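After this come two complexes, each holding subunit A, first together with subunit B and then together with subunit C.
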Partner chain A sequence: MRRADIKDEPATYERLVYKNTSVYHYMRISLVLENESATLSAAQLKQLIVSGLRDLYGEVGGAFPFDLLKFDESTLTGVLRVYNSGLVKLWSALTLLGSYQEELCFFRVTQVSPFLLTLSGNSRELELD
Partner chain B sequence: MYQELDKCPRSLLVCEKSNFEHEKSRHDTHVSKHYFNHKVSVVIPECGALSSRLASVINNFSKYFLVKNLPVYEFLDKDFLKNVVWNGALYALSYKTSIDQDNTIALLPNIVTIDLTNKSMDPEGKRYQRVLSGLKERVPLKSDFLLGRHNSGADGDRALQSLLSRYQWKEHRPVVSSHTLKDLPCPSLHALDLRGDQRSCDPHSFLEWLGAVSAGVSCDNTAASFLSTYVCPEPQTLVSQALHCTVSGLLLPEDIYSLLQELRRYFDEPKFTSWLSLTVHGFMDSPVSWGDAEHGFHKGGENFYNLVLFKNQDYWLHMGTGSHDRCPP
Partner chain C sequence: MAVFMDLNITYTTDKKRLQSVIETAAHLGYSTVAINYVVDLQQKKQEIGKPKCVLELFDTFPMVQGKSRPIKVLNRLTVVASDPSHFAACMTFDVDIICVAVTEKQPFFFKRSPVNGAIERGVFFEISYTPAIRDSTMRRYTIANAISLMETCKGKNVIVTSGAEKPLELRGPYDIANLGLLFGLSEGDGKAAISTNCRAVHLHGETRKTALGIVHTMKKDQPLTVRQEEEHVPPSKRAKIETV
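Now for the complex of A and B:
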């Protein structure tokens, strides 16, 4: 049990530089459907992306994990998390995905970063007009 | 065979540990040299609402202006130079210009390429006349600008109003938003364990958790979940409530420093939490990150720093910049 009046010693200075140690990349994406009134669930979106990866890279090449951290059904926007080694494959699969249930669609990748924190401070979304 | 497919952009994260009361602590320099700030986010575990003092500091953040079609040479106006620029604390950044595809212009407190405070830029001098004619005739740059100025006198107000009156402009105030999160898994942190060896989680995991809180990402998924396996990093504790407050706009370093000073006083009275966090996001299209260090937007435009404040005035500072930026100071 610590006495209430004992204060921790102040920290000594320490500096660490982490280069290329981030494990994941994060992507903010939005899906645009030809039929603007159509919608899909989070699970359907993830399955769409999984099928896109499989079509482009095959069963083995496209079999790497990624997370759909967040998905908004009303705006069809979401946040993906992927291991660094899967970023190029995932991004290219999103680029080349062109249809959902026989209707035209495309993915827009609005932001990519090794820090999830960056995705919530996007100054390009600032609208003052 | 497909080694190129496994590559990804460089990531750089600098972490520092120190104490605010150390005479060599550089926290004030880090804050003051990060000129163009878009958003500030405060996370306080075990807190339900902003205190009146914190709310007062946040609500007193400086106003800023959006000026349309402002020619760059106007920054060399004699009256403006004398009463606004040379008094310091003026910040201007071109609005809605993407640094990876448009001309981007920024006015820093200390301009390097054209140092408006240098004696050679005396309005009666030849160098001043050459620069002015260059900006008016040879490179007639014009843009919408965000202008912010920390209060520094009536003459400065008059000169600024004189500039604004010649163009279309509008005043804006930073937008404040605050909400309380309930039953939140929260990392346990110990001030001495910056690396995350035992008593804290590692810096990347902690920043990921902060990003999850800011973005509203669920932190309690299972390993077998189809959608997401993200969970709060260990060691963790479950807090009954946590405050998340954001301020966005053109935020001046002076105001952010005032907020930091008030947050340092948060622990003057006993609190259940042992830490709180302040995140500052820079503008992604700012041409500089800290001081005059060049910043660019290649994939993400990262330009942020995060301070974790502890009870005994210890702090952690995390600084993240873009894939081609210089290492933060």
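Now for the complex of A and C:
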């Protein structure tokens, strides 16, 4: 039973839905070469990826902006950043890249995520004491 | 979710290379692989290479990364057929997989009626991606053939496999699911192409021997092992049992 003098105020709430907060996708990749003693510099790696993109998607695809955020020369692992619209193109170009300077090579993509923080941990390598 | 399977690893007589390919596949996350033996019927006097017993390859199979089970290795036979029998192959042959050859531009287009007939019978179409890695002309043919296949079959009953001869030609399962997007598959279809569809092919092959899945045969060797164990029990233990 409601009292007549107390008016019910409609409950107000505000709902915020973020469909996709992140504009970029981050990928952790590692390059495996047939000749295990060869190394690349960061610039050479970026050149390699750009040439792979250009082989597959032409000049328009090769011009797509992406960044190499980190690169470790001793282990040949790095973190790439690309816009969401270019993720499929970049990932397929990395998959189909077969050779570097006449040698067989392949890119192993270990992690892909829209958030950089998730690349820092890997639940498969958790060590539980 | 079904496990990732790669159903096409070319057989080489070099045992070490085959071992390294299988180890790389296990490391990338494939739970099952199949070694492919190719037979070309048009060449006369070709011996069908005997499928090597899987146990001869490894003493202990490499563990699949992310799971605790060792990788499972199957054997598979591919028969090369001539061009006019394409229509017959879809409708009548008792096969599991029809490989879409990517080494040349297909002179014919896939017609809808044999493709639909094959889908109803449970036959799958296979696209191999390693030629796309080796050569840029192959890449164009692979993508062209894949797209024309997708238009006729609408993405159903498709599997994507590697044709890897070397360990550096393998790619991880999520990379292949992404390639499916290039070929014209939807995202769900791309992932299914390497997991659920491959598992369906495996079951289709196993049930071919079993009269529509009703009868199942198994090797019977149990009585022998029991007898052997009894012999191996050392005399002192045997004596204890008797007294008790």
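Keep this in mind: the second predicted complex is superposed on the first by the 109 of 129 C-alpha atoms of A that agree within 3 Å, B and C clash if a C-alpha of one lies under 4 Å from a C-alpha of the other, contacts with A are read in each partner's own complex, and residues count from 1 in each chain.
We take it that a contact is a pair of C-beta atoms (placed from the backbone, for glycine too) under 8 Å apart; a residue touches a chain by one contact, two chains touch by 3 or more.
Just so it is clear, the structure is predicted and the values come from calculations on it, not from any experiment.
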**Asked** So, does A:V88 touch the first partner subunit B, the second partner subunit C, both, or neither?
**Response** both
**Request:** For A:G121, select first, second, both or neither according to whether it touches subunit B, subunit C, the two together, or no partner.
**Result:** first
**Asked** After lining up the shared chain so the two structures overlap, which partner does A:V79 touch, if you call subunit B first and subunit C second: first, second, both or neither?
**Response** first
**Item:** Larger contact residue set on subunit A - subunit B or subunit C
**Value:** B
**Prompt:** What is the contact status of A:V32 with respect to subunit B (first) and subunit C (second): first, second, both, or neither?
**Reply:** second
**Request:** Would you check which partner chain A:K19 touches, where first means subunit B only, second means subunit C only, and both and neither mean what they say?
**Result:** first
**Item:** Which superposed partner A:F106 touches (first subunit B, second subunit C, both, neither)
**Value:** second
**Message:** Between subunit B and subunit C, whom does A:L56 touch in the aligned arrangement: first, second, both, or neither?
**Reply:** second
**Item:** Common interface residues of subunit A - those touching subunit B in one complex and subunit C in the other
**Value:** 88, 112, 124
**Message:** Quick check on the complex: what are the subunit C residues that touch subunit A?
**Reply:** 28, 65-66, 129, 132-134, 136, 139, 166, 168-172, 174-176, 178-179, 181-182
**Fill in**
Per the touch rule, the subunit A residues reaching subunit B in their complex are 7-8, 10-26, 42-43, 46, 61, 65, 67-71, 79, 81, 84-85, 87-89, 111-124, 126, 128-129
**Request:** Would you tell me which residues of subunit A are touching subunit C in their complex?
**Result:** 32, 34, 55-56, 88, 91-92, 94-98, 104-106, 108-109, 112, 124
**Prompt:** Any idea which subunit B residues touch subunit A in the complex?
**Reply:** 2, 4-19, 21-22, 24, 38-39, 41, 66, 95, 98, 170, 172, 191-192, 194-195, 203-204, 207-208, 210-212, 214-218, 226-230, 248-249, 279, 281-285, 299-302, 304, 306, 311-314, 320, 327
